Amino acid sequence: MALVIKLSGRVFEDEELVFKYAGVIRNLSGKVAVVTGGGEVARRYIAIAKRGGASNTFQDLLGIYASRLNALLLISLLKDAYPRVPANIEEFLEAWSGHRIVVTGGFQPGQSTATVAALVAEAVGASALLNAANIDAVYSDDPRRNPNAQRLRELKYDEFEKIIRSSSLPGGYELMDVWSISILKRNCITTYVFDGRRPDHVVAAARGENPGSKITC
Amino acid sequence: MALVIKLSGRVFEDEELVFKYAGVIRNLSGKVAVVTGGGEVARRYIAIAKRGGASNTFQDLLGIYASRLNALLLISLLKDAYPRVPANIEEFLEAWSGHRIVVTGGFQPGQSTATVAALVAEAVGASALLNAANIDAVYSDDPRRNPNAQRLRELKYDEFEKIIRSSSLPGGYELMDVWSISILKRNCITTYVFDGRRPDHVVAAARGENPGSKITC
Amino acid sequence: MALVIKLSGRVFEDEELVFKYAGVIRNLSGKVAVVTGGGEVARRYIAIAKRGGASNTFQDLLGIYASRLNALLLISLLKDAYPRVPANIEEFLEAWSGHRIVVTGGFQPGQSTATVAALVAEAVGASALLNAANIDAVYSDDPRRNPNAQRLRELKYDEFEKIIRSSSLPGGYELMDVWSISILKRNCITTYVFDGRRPDHVVAAARGENPGSKITC
Amino acid sequence: MALVIKLSGRVFEDEELVFKYAGVIRNLSGKVAVVTGGGEVARRYIAIAKRGGASNTFQDLLGIYASRLNALLLISLLKDAYPRVPANIEEFLEAWSGHRIVVTGGFQPGQSTATVAALVAEAVGASALLNAANIDAVYSDDPRRNPNAQRLRELKYDEFEKIIRSSSLPGGYELMDVWSISILKRNCITTYVFDGRRPDHVVAAARGENPGSKITC
Amino acid sequence: MALVIKLSGRVFEDEELVFKYAGVIRNLSGKVAVVTGGGEVARRYIAIAKRGGASNTFQDLLGIYASRLNALLLISLLKDAYPRVPANIEEFLEAWSGHRIVVTGGFQPGQSTATVAALVAEAVGASALLNAANIDAVYSDDPRRNPNAQRLRELKYDEFEKIIRSSSLPGGYELMDVWSISILKRNCITTYVFDGRRPDHVVAAARGENPGSKITC
Amino acid sequence: MALVIKLSGRVFEDEELVFKYAGVIRNLSGKVAVVTGGGEVARRYIAIAKRGGASNTFQDLLGIYASRLNALLLISLLKDAYPRVPANIEEFLEAWSGHRIVVTGGFQPGQSTATVAALVAEAVGASALLNAANIDAVYSDDPRRNPNAQRLRELKYDEFEKIIRSSSLPGGYELMDVWSISILKRNCITTYVFDGRRPDHVVAAARGENPGSKITC
């Protein structure tokens, strides 16, 4: 069965973490698709472009280019991955049909890399999406602002969607947006959300353990 | 200023209508981007693929291919349009930088052609998006099911989003989904929704008249 | 050895038939290339474009796009086929070098999908071309107009060429045109022509049986 | 109006001739498409590949590559031509939509560059196809073998097709094959055949004069 | 006449400088090609990849991706530039044939962006290459290590090549390597080297003034 | 381990030699990348373009096209090689990730095919580069002009670089230029230089024998 791993752009701000993820992914058995966020480089270039009056389209394209830089860095460390970064789902499917590991960044403006991960999970018929996030689990509300926010070990996509819509969840957009949720729900793909600083959680989630939150349809 | 016209796939089920739209678009001054829906061919192929157990990814790709067939038909009637159908926003931007008229269909799975139209409107800095729809205006609820539904002449995107989320508006998805609304809103692009069987409404809307509903930020 | 199957566009007008062909192709051993016709969607779009004054080039491109829609539908049902539709022989060869099953539609204006099938058969060094046609065999003349037309069980390409040139064979163009015959002849590839409504005939022909007509050099 | 010029591959065996054609083409007014044959380089590589057991597909691809080398040579001398060699009709149309001069070689296996020229003439809605050939006109039979062969100043495509089919016209294939004739006939494009060693004949034919033979529908 | 501007990657570490260069380039008359270095992002990603054991090929590709990010940022601020980043000289030539401004980053492994700038200058027949460098002029030796190093106002490529080979010029590689010098020399293109923190020097050099060093063949 | 073989363009001027190299390469075990020079066809087209006033960019592109013709010829004789000619290192890496044998020609203007071979050797992590040259070994000087030139059986890259820089080695440029040496040196790849008329030397060098000169870092 195929796994899809979504790596928060923040992973790429810590090189030791990048090396550890490369090691973990190399050792996974079966096929693996990885989707990388843009992180700090993306934020910096988008901010400059915005200040300079660039369109939203180009701001988003800069974020996509930055996410591809992260994807290529991971590819360079994996040795046996597909050697290029697919630019859309058709290129991804072609790469996937001939390689065990394919790493991709963003696809197009107006779309988070969380949504790319959902589209990729749908395309490969993934058994699970592993979301290495900027937070250690899904909470009922933003734990940094709301001390009563509850850590949710298991939840349904409908519930998750309500939280995303209503709450002030930190990094909510990056964690997973409404569009990515609707894609995962229509395919009944299980999502695991866990702390992106723990590459070992990938191994756990790949075994079916729940290192943070588990979301099902 | 650039105009973006979204043609419902149903337009392509009536060849006289296709000829009239071709005529209207040829005569518009300024730059024009057209986004075509998939219509009946899309629905038929998606239904077969679904029955045969194809993935959502391939079902959506079939809809995209059908929308490109419609796009190419329109191109074949326009003479001076860009002669190919761009497959994503980067190809679209390249075509747009050198041609007065560019016609495109769908871009990728999990995304309506209404969203493509919004992305294109954002990319070209459109003054307005003209949505030649399956309905003659935006209503407060589905007029076919709710006899008290009110025809809305002018509304804000926030209001529109609430209607889309809550109502049983017929063809709601095709008219405009939440994602396309958020893109148009973030760029403050005015949308005109009008009866797709009236190509003359394109001319009216291009002059700033409101032949159906007008949505602003 | 490699097989090439040419599916008449009419196959795609009957979804049960499409499912059956998908099943038969999945179960064939060895490498398989499939070439799909455009069928009714192609005819409809070409007719509209023609009425609207489109060039022959665009009329043919619309037929090609329609044939690619059929090719993608088949791919969506096959699971392990190459996931894209090659647009020319170079893309086809690249796909073929890494996949067991490749499905393609038309290649270029002024060329039938029968000719594409012949070019593909030449490129893969096919042992046989299986033509799932709109007729159950080759006849000495059009059986619907000439009651004395003889069903031909075995014939040579030279003989076949004479029939194509002189007769009023129904769907003659689609069955096989002069150009496709010359390509098959120069490679001495055996062609089997049989009733496209009988997917089981593919299995028979793959075993070397003759379910309709057999044409040799 | 657009002109299409077909340059026999032999033109490229004489560099002075190449320079003269470049000069003539630069000075033509209006849009010009040029299609180049493969000539001696093509013949040499095809012969080696054949002796070495290469497939017909690769033999033809070698001829196409050689014709593209000739196309690029001409482009390098034209300065304001589209700077690349389109590989198929879709790439050609894209280049044509933005440039005054586009030069192309062969498109695909199993197809002469005469047929490419016919497809290009159809695609651009050419007023005329100027065939700079290896012979100075169309003859009723091969003048080198049949001393009674008559030089034909004007003829119809139907007549031309009969000659091509039956005669032993030297270089018949290269001059124009049946497929290219059928494409030109269906578009009623006038063809001028003239001695390829006379670049000045291009100027004459562009003015509507007949420097060799004139073929009409 | 066409100008080529080489922007050191360091320019992109100071957003005000980026805005100023965008303004200067927008206001230049005539055609302009810009080549961007990779700067700090490139250095950071290359260092991580190296530590992680990536090949030189991937290290260089990461630098190229980073330079393309810088190129896209500049494009996003220029409005009327070609909207994509060409990946090689053939894509560059195609973009150049239809646009006033084209911005590109690196082309391939084992090659500095100084060499890309030289190749681009050769391809467009540039009147001059404007090198906005990390140093204010060419010196006879590294001015930071050798207090006697002389600032050279005018020099020949042969002289420049000797300095590059022998000296410990800071950032020597980025300023201009041997390969880029040989390309510029074979085309007799004048190079101006000046302080990259001074966008106004581009205007001066475009007028033929020498704001730093001038190198001729 | 992967081998890279650089075939001098002269190999393609003798068809028997081409057949023998095809046989030798087919029988090698392990992965093999082949880089072909342009030879006589390249020289002829470059000379014409130069005389006609073409830019250095186009002269070099013609040489690249000619080298790709040679690459395709070899592919046509190998049967199981990747069926296309990669145009740059990214396309090469993609082809390499799925095929045992990949054949390529030149990549870009201003670069010898010796440098392409070095870049390819770096990209595949080659154990050795086998240079089938126009000379039987590396000499301390040009043996045709200097009768005292010494044949060097083993040497270091630093030594080799000095010879290349200072000597009048015949075909020096084609044998290996400074840029290719620097790439090979930075990767510590062993190069074998031997007489290109001896395909059997490939087998010897593949076994680690030294059929001419051996260069190490």
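Every chain is named by a letter (A, B, C, D, E and F) in the order it is written, and numbering of its residues begins at 1.
The rule we apply is simple: contacts are C-beta pairs under 8 Å (C-beta built on N, C-alpha and C of every residue); 3 or more make two chains touch, one makes a residue touch a chain.
Predicted model, so just to flag it, every value in this text is computed and none were measured.
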Contacts common to subunit D and subunit F (chain labels): C, E
Required steps from subunit A to subunit F (each step between touching chains, minimum): 1
Farthest-lying chain, centroid of Cα atoms versus that of subunit F: B
Angular offset of subunit C relative to subunit D [C-alpha, multiple of 5 degrees]: 180
Centre distance in Å when subunit D and subunit E are each reduced to the mean of their C-alpha atoms: 43
Where subunit C and subunit E are represented by their mean Cα positions, the distance between them in whole Å: 54
Whole-Å separation of chain centres (CA-atom averages), subunit A against subunit E: 36
Chain centre separation in whole Å, for subunit B relative to subunit A (CA means): 30
Junction residues of subunit B - those touching two or more other chains: 55, 61, 90, 93, 98
Which pairs of chains touch, using the document's own definition: A-B, A-C, A-E, A-F, B-C, B-D, B-E, C-D, C-F, D-E, D-F, E-F
Footprint of subunit D on subunit B - complex, ascending: 82-84, 98-99
Sites on subunit C touched by subunit D in the complex: 55-57, 61, 87-90, 93, 107-111, 115, 118-119, 122-123, 125, 178-179, 183, 186-187
Subunit F partner contacts - residues on subunit D that touch it in the complex: 15, 18-19, 22, 41, 45, 48-49, 51-55, 58-59, 61-62, 65-66, 68-69, 72-73, 75-77
Touch list for subunit C against partner subunit F, complex: 90, 93-94, 96-98
